[in-house]
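The structure follows.
By written order: A, B and C. Residues from 1 in each chain.
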């Protein structure tokens, strides 16, 4: 779905934000991109919808070189929800904000309305449809920014730090949305600093540092002890479950569920080897 | 007749020389012309046709264009240009912070210093914000590339959000400033000073003399009056 | 000591009070975490504790704010500034816009306090060292990344050496490294006697740094106690606050009904790595 070939991006001031990245993201994958601020994550994903153009290398979206398409054309394939909702939201009404995208796509009025309703429902904002976005709290504004992208029904959805600043309900809602998109077969790419969220909701994690990819694999692989030195060089820490699992030598357990499963298995085998008398 | 033009033309020439030395001549001329254009057009239209005069050049409908009118319009235009170039050159060659902080050193209230600087910052900040908002709109399918119509269409949805988000930021900004004791009365000790070179002192004295001389000349009638 | 007693606050033009009957005490050297769902009143509480509401933000305050024994009612904002500062989430709005370098930005607060130059420089240098931003001291504050800008904003507040520091989601824009850095800096600050109130969603951060946690919901204090107790309190989830990883993991293990020996070993391992 998205192919990145030897991508280099140098900003006007000379900063080499992306320094040779090649990767493939298949349709339907759920990918998280993690790394320090300045590692090139935001720069990378902005090439997917054409907001940034490569200095060298190229990015193919659905087989077509992104450089040959206008941002508006790419917007129908790749939706990007900005990290700061206040830099994305500009309407005076929630409903019109969400309708902006579908309208730009030239959809008929009733289609726009149904998409808006659907997106608001997914984001849990149906009751706020007629509110002013600035009367909503930050959490809900962030969900509004997300809903605006959902309404476009793009095959690829890119989320820039979707859980930052969210309270527990907001995080749960984001997790639901990611799950929902995956069920519909959409490709989800998320930038995040929340290692636990990433380990639980995504099947592939890409770790970036200094504009390059230093780790790329499943949560189990990326958070396994063998990767820890690499992670540490990026000042990243694996989720607690992974650290506890490693300490107890029950294998790579990036999520709570996997740790519990591993502990249950170990407890089970302990009972078998020691026998009932030992208990 | 040249009398009414001499002063402004000298000022224009001096500004252009200064701008060339500073390397901003091209930008200065562009900006100054752009800024004076709206006023210039209305001045020309009004003066050329309504100025009382005897020498008629041509007629459009009930309006006579007189040579006196053209003369007046031209004199006004060079004055406008002289003003625009002077202010423009000052703006383009002066570091606003150094300027305002130096004023504060000379006993200007720090509050004024802040307002002046913040105003100067306001435009680049708005431009930057406009860029970000436009990026988010493009990311949702608003086509701003390609045809001219598309580009124009791209500007319209910007105006509201840029202004609105600028305003909503104002409250937070002023709060943050108050937290840092901004409103405290009394002077502050400044971290650095910008001493004048001898050349700058001489230039400043010369300009002051020119200013005083011009006012005296105008008031005593030594300078030609505008028609 | 900073004390709020029976505080209710209603913004001008709004019918409903955002804070109701809030009692909160911040002792010197204490680091108190403030948690709660969004729109529970965390930000308002921060503004009221800093005295900015109602000194700067129009509204009706009932109850009292007392700092170091003196009531703050009717004080002007610059009088408050020498005693208590509050930092906000958005680093861009906290940038003064009149400083050419990060150094000058951080020095602005002490400068406004009317201190003499050696004192200004000393306070600025210490604050920058605490947040480890000496390397960017000559950069243009407007050209920094969000994370760097936030560190500068916090340093700018700390340079004023207030006795009480209130931070509203200081790590919102920061990556894990930045978050740890801020946690470190705040610990050092508290060790020096400054009292801190930090509103945050990142309970993992608060877990390592706070001695006390206060939970707010619907404008009222719902929980107030030692950090360990409050973070493990089952009522926290109902409030819409995500407990720290340690607590969540422990619960998952407990719920799975793993045998006591393995569970005990797991608890030990958790204590060792956390």
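Throughout what follows, a contact is a pair of C-beta atoms (placed from the backbone, for glycine too) under 8 Å apart; a residue touches a chain by one contact, two chains touch by 3 or more.
These numbers come from a predicted model, not from an experiment.
Between the chain pairs A-B and B-C, more C-beta pairs are in contact across B-C.
Comparing mean CA positions across the assembly, the chain most remote from chain A is B. Centres computed as Cα averages put chain A at a distance of 28 Å from chain C. Per-chain Cα centroids separate chain A from chain B by 47 Å. Averaged C-alpha coordinates put the centre of chain B at 43 Å from the centre of chain C.
Here chain A touches chain C in the complex through residues 35-38, 137-140, 164-171, 193, 195-196, 235-237, 239-241, 243-244, 247-248, 256-257, 259-260, 263-264, 266-267, 270-271, 279, going by the rule given at the top.
Considering their complex, residues 97, 100, 110, 113-114, 117-118, 121, 125, 169, 171-191 of chain B touch chain C.
Residue ranges of chain C in contact with chain A, taken from their complex: 36-39, 89, 145-147, 169, 172-180, 201, 237, 240-242, 245-246, 248-249, 252-253, 256, 258-259, 261-263, 265-266, 269-270, 272-274. The touching residues of chain B, counted against chain A in their complex, run 129, 132-133, 135-146, 157-158, 160-161, 164-165, 168.
Chain A meets chain B in the complex at residues 49, 51, 70-72, 75-76, 79-80, 82, 86-92, 100-101, 104-105, 134, 148-149, 152.
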